Amino acid sequence: MAKRIDVNGLNAYYGGHKAIEDITLHVEPRSVTAFIGPSGCGKSTFLRTLNRMHEVTPGGRVEGEVLLDNENLYGPGVDPVQVRRTVGMVFQRPNPFPTMSIYDNVLAGVRLNGIRYSRSQLDDLVEKNLRGANLWKEVKDRLHKPGAGLSGGQQQRLCLARATAVEPDVLLMDEPCSALDPISTLAIEDLIDQMKSRYTIVIVTHNMQQAARVSERTAFFNLAGVGQPGRLIEVDATDKIFSNPSEKATEDYISGRFG
Amino acid sequence: MSDTDRTRNEPGPERRGGPPRPPEVAPENGGVAQEHDRAAHELAAVAPMVSGQSVPVHPETARPAEVPSETRVEEHQERVIITPPVRPPTMGLRRPRLPRWTPLGLAVGSLAFAVAVGLVAGLDSRVQWGLIAALVFVAANFALTAAVEGRRQAVDKLALSLIWTSFLVAVLPLASLVWETVARGIPTVSWDFLTHSMNGVLSWQQGGGIYHALLATLQQVALASLIAIPIGLLTAVYLVEYGRGSLARAITFFVDVMTGIPSIVAGLFVLTLWIMALDFGYSGFAGALALSILMMPIVVRATEEMLKLVPNELREAALALGVPKWRVILKVVLPTAIGGITTGVMLAIARIAGETAPILLLVFGSNLINANPFEGPQSSLPLFVYEQWGYGTEEAYDRAWAAALVLIVLIMILNLVARGVARWKAPKTGR
Amino acid sequence: MSPTTTASPPSTGRTGDRIFSGLSKGAGIALLAIMAAIAVFLTARAVVAIRANEGNFLTTFEWNANADPPVFGIAVLLFGTVASSLIAMLLAVPVAVGIALFISHYAPRRLATPIGYVVDLLAAVPSIIYGLWGALFLVPRLTGLYEWLDQFFGWTGVLSYDGSPARSLMTVGILLAIMILPIITSVTREVFLQTPKANEEAALALGATRWEVVRMAVLPFGRSGVISASMLGLGRALGETMAVATVLSPAFLINLSLLESGGATFAQNIASQFKEAGSMGRDALIASGLVLFLLTLVVNGAARLIIARHKEYSGAAA
C-alpha cells in the first residue's frame, strides 16, 4: 500500500510568482517525514504539489516531476482525481463536511467509488476507521449527529478517519495540529505514530518539537528573502537535523537564531 | 502485482473473492497490529528491492494479530471487523481518456445529425434543430465517456454539459431582450422624442415623445426617495445601533415581509388610503407614495448590511472619547458606511423607476405635460411603454420600444454608477 | 428605554441622543404602522366587497363585480396565478442553479466576473420591458414549440394546443421564468460563492471530480440558499403584473390546457380591470389584492424562515 515518493527538480508557481524552486527529495514508504521552515518558505505549497492540490489554486502551476513508485504524478494522461484518491490529505483546520453526520463524513470518500456496499459493510468501515483514529469510543453513540458538533481535536481526528477510509497510499498533513490544543495535539501525534506502519506520511509543521517527536526524517525549507522562492535546504534523519545539521541555516533555525 | 500472493500469506477470515486489494482484518484498535503484520510480510517480500531503507521492523509487529496490545485491553468488545474493499479494482494514476478533441468532434457530429434530421423531417424551426443537436451531444458525450472513461467521469461530464447548456439557454432570451430593445428602440429615439409630449398625437401617427413621461418619472422617483430614504436610513440605524428586544425583531421581520409586497398591492393600498379614504385625486404624488413603500425595505436592508460592516472598535473608540452616541453615529458610523449605503439607495431607485403597476392605479396616465406632481394625472416612462403597447399600432410599438430603451438606459446608468460608488468606496477586504 | 445613569453627561449630548434615538425608533415604528395600515385598509375594503358579493368569493368562476348585484370569485385567478408561477419555478430554478454553479465553480475566472455583473444588471430590468419583449417577440415564436408539444404530449390534455396565438398561461410561465432567472441566480450564486474553501478542498483531496465536489460540498451548503432564493423568485412571479398583463390574453375561465389562451392572474386582473371598475368593482379588486398579499406573505415568510433556520444551524455548528 504505502508508496515511495521521489521528487525531482520541482518548481511551483502562483501566477507569475515562483513559490518554490528546484526541489529534489525522496520519501521512503512507511515513514514519517516532517517539513519544517519559517512561514512563507513554501513547505505547504510543496506539500500540495504532492497530490496535485496546488493546481486547484487559481494560477497554480507546477514544473518538474513527482514520482509515486516511479509513476510521475504530472505525467501525460495522469488523472489528478486519481492522484488525490491515492494521496490523502489532512488540512490545517479541521474541515468535516458541516451538513453531513459523523458517519457520512467518514464514508464521504468511500461513497465516491461507485461500489455498492451493504449497510453492515458500511457500518464496519465507519467503525474501523473511527477506531483507527482513536475516535470510536467518543462518538459511537452519536454517529448520526453532525460532525461539526465535535471539538476541534475530535474534528481533526474525524478528518483523519475520513482520509484513511479510502485507503490512500500516502497521507499528507498540512500543520494538522496548529489549530488544536496540546491534548488533542498529543492524540494526533500518537495516531501518526500508529499509522506510519501503514502509510507514507508527510507532515508540515511549525512546531519543531513535534517534528522531532513524530518524524524519522526532517526536511528544512527556507527562502533567501521576501519575494524569493522557497528552497529545500537539507533533508536528513531527524536526529541528525536536530543535533548536528550540515547546513548553517538549519542550525540557526533550529536553535532559534533565525532572522 | 503480488497482492494475491500476499493475501494468501495473511491470516484471517475468508474474504469475498475477486478484488485484487485485500480486505482489512482489524480487531478493534489492534487493526494497527494487523497492519503491522501485513506490512512486515510485504516488506519481507520486497526487501531486496528497497534495500537501504530505514524502516525498522520490530519483531513484535511481525507476530500474528492476536497479540494483545495495550489499547485492546481496555476495549470490552472483542469483535473482529472485516471491512469490504474500498479501492476500485482498476486503480492507478492513469485512466483511459478520450482524446481532447472529442467534445468538438461530438458537437460537429451532433450538429450535422440535427441538420440532417431537420431537413429530412422538414422541421422549419431552427430552435428545434438546436434542441436536437444539444440532446444528441449530451447523450453521446455521456455514453461515450461512460464507455471509455467510466461512470464517474461520465456523470461529471454530464453535469458540465448541463451547466453549460443552462447558461446558454438562459443567455439566449436575455440577450435577445436587450438586443430587441436596442435595435427596435434606436430608430425612434431622437432629440425630438425626448423633448416632446404626446399632446395631440394619435396612436396611428408617427412622432410624439416622452418628455411628459420622463419628467413625471423623475419627479415621482424623487418624491418617493425623499420619503423613503430618511425613513429607511433611520430604521436601519435603529435596528443596528439601538434596537433590542421584540420591537427590533418585529421591525426586522416586517421589513423582510415588506420586501416581498407585490407592487400592485402597494398601489392598491395607497388607492384605498389616499384616493378612496382621504379623497385626494390621481396624482404623481400618490404614485410616489406607493413607490416609497416599495423602496423603504430595500433601503433598510442595504443600510443595515453596511452599518453592520462598520467595525465595533470604531464606535467604541469614539464613545470612549466621550462623544455622545448620536454624534458617533452621524460623524463616524454613517460616513464610514456611506459608500455602501449610496449603492444600496441607488439600486433601490433603479428598482422603483421601472415600476408600472402602482403608477397605473394611482397616477392614471396622461398624454400632456403636467409638471405638478401633486395635482392631476401624470404619466411615467414605464406606464408610457404600457400605454403605447396597448394601442397596438406599428407607430405606437415604435414609441414603446424607444421609451423602453430610454428606461433601460436610465436604469443601467443608475446601476453602473451605484456599482462604481460601491467599488470606489469599498472597504478593503478579501473578496 | 436605557437605564438612567446617575452621572450626567453634558446635557446637549443627552437631549441629542434622546431626539436621535427617538427619531430612529419612530421611523421603525412608522414602518410597522405602514404594514399594519396595508393590512387594515385592504381588509376593510375587501370586507365591503365580499359582503355585497352574490357569488362565492372562493369558488365562483366569474368576475362581474360591476354588475348589480356583483358576482365574483377568485378561483380562476388563483388557478392562473399558481399555475403560471409554478411553471416559472419549474423552468427557472434548475437553470438558475446551473448558471449560479457556472459562475461560481465552472466558468473561467475571466468570464465569471463579467457574467455575474450582467446577471445583476438584468435583474434590474423593469418588468414592463420583459412584458413588451414577451408580447412582441416571444409570443409569435412560441407557436411552433406549442404545436410540437401538442403533437407529442397533446394526449395529456395539459399540453394540447388549438393553434390560437400563444398568449396562454404557459407563455406567461415562460416569460416569468426568464424574468425571475436573474434574481434567483444572483442570490444563489452568492450562497455558492460562500461555500467554505476548506470543504471544497476536503472533497478534492478525497479524489472527487468537479461535479462530486459540487455535490458533496457546494450543494449541501447552498441548499437552503437555493430554496429561499427560489421562494423569493416565486414571490416575484406571484405578484408580477405588467409582464402578465401584456402577454396573457385573459379570459375568466380555467382552461386545463396550459398552452391555450385563457385564464387570468390576480395582479393582471387588477391592472386590466381597474380602469373600467366602478366603486364596487374596485373593492372587489382590492379583495383579490388582499388574497395576493396574503399569498406572497406566506411564500416570503417561508423563505425567511428557511434562511433563519439555516443561520441558526450554521451558527450552532461554528
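The first chain written gets the first letter, and so on, giving A, B and C; residue counts start at 1 in each chain.
The working rule: a contact is a pair of C-beta atoms (placed from the backbone, for glycine too) under 8 Å apart; a residue touches a chain by one contact, two chains touch by 3 or more.
The shown structure was predicted, so the numbers you read here are calculated from the model rather than taken from an experiment.
Judged by contacting C-beta pairs, the busier of the interfaces A-C and A-B is A-B.
Here the chain at the heart of the shown protein, by mean C-alpha position, is B. Relative to chain C, the most remote chain by averaged C-alpha coordinates is A. The distance from the centre of chain B to the centre of chain C, each centre being the mean of the chain's C-alpha atoms, comes to 15 Å. Chain A and chain C, compared by their mean Cα positions, are separated by 48 Å. Look at where the CA atoms of chain A average out and do the same for chain B: the two points lie 35 Å apart. For chain C, the set of residues touching two or more other chains reads 209, 212. Residues of chain B in contact with at least two other chains: 152. Residue positions of chain A touching 2 or more other chains, listed in rising order: 82-83, 85-86, 112, 166.
Residues of chain C that touch chain A in their complex: 109, 196, 198-199, 201-209, 212, 216-217, 220-221, 223, 314, 316-318.
Listing the residues of chain B that touch chain A in their complex gives 21, 24, 26, 28-29, 31-32, 35-36, 39, 42-43, 50, 53-55, 61, 81-88, 91-95, 97, 150-152. By the touch criterion stated above, chain A contacts chain C in their complex at residues 51, 53, 56, 58, 81-86, 88-89, 91, 93, 95-100, 108-109, 112, 146, 148-149, 159, 162-163, 166. Listing the residues of chain C that touch chain B in their complex gives 9-10, 12-14, 16-17, 19-21, 23-32, 34-35, 37-38, 41-42, 44-45, 94-99, 101-102, 106-107, 115, 117, 120-122, 124-133, 135-138, 141, 144-145, 148, 178, 181-182, 185, 193, 209-212, 214, 232, 235, 238-242, 245-246, 267, 270-271, 274, 282, 285-286, 289, 292-293, 296-297, 299-301, 303-304.
Of all residues in chain A, those touching chain B in their complex are 1-2, 4, 28-31, 68, 71, 73, 75, 77-79, 82-83, 85-86, 110, 112-115, 117, 121, 124-125, 127-128, 131-132, 134, 165-167, 194-195, 197-198, 216, 237.
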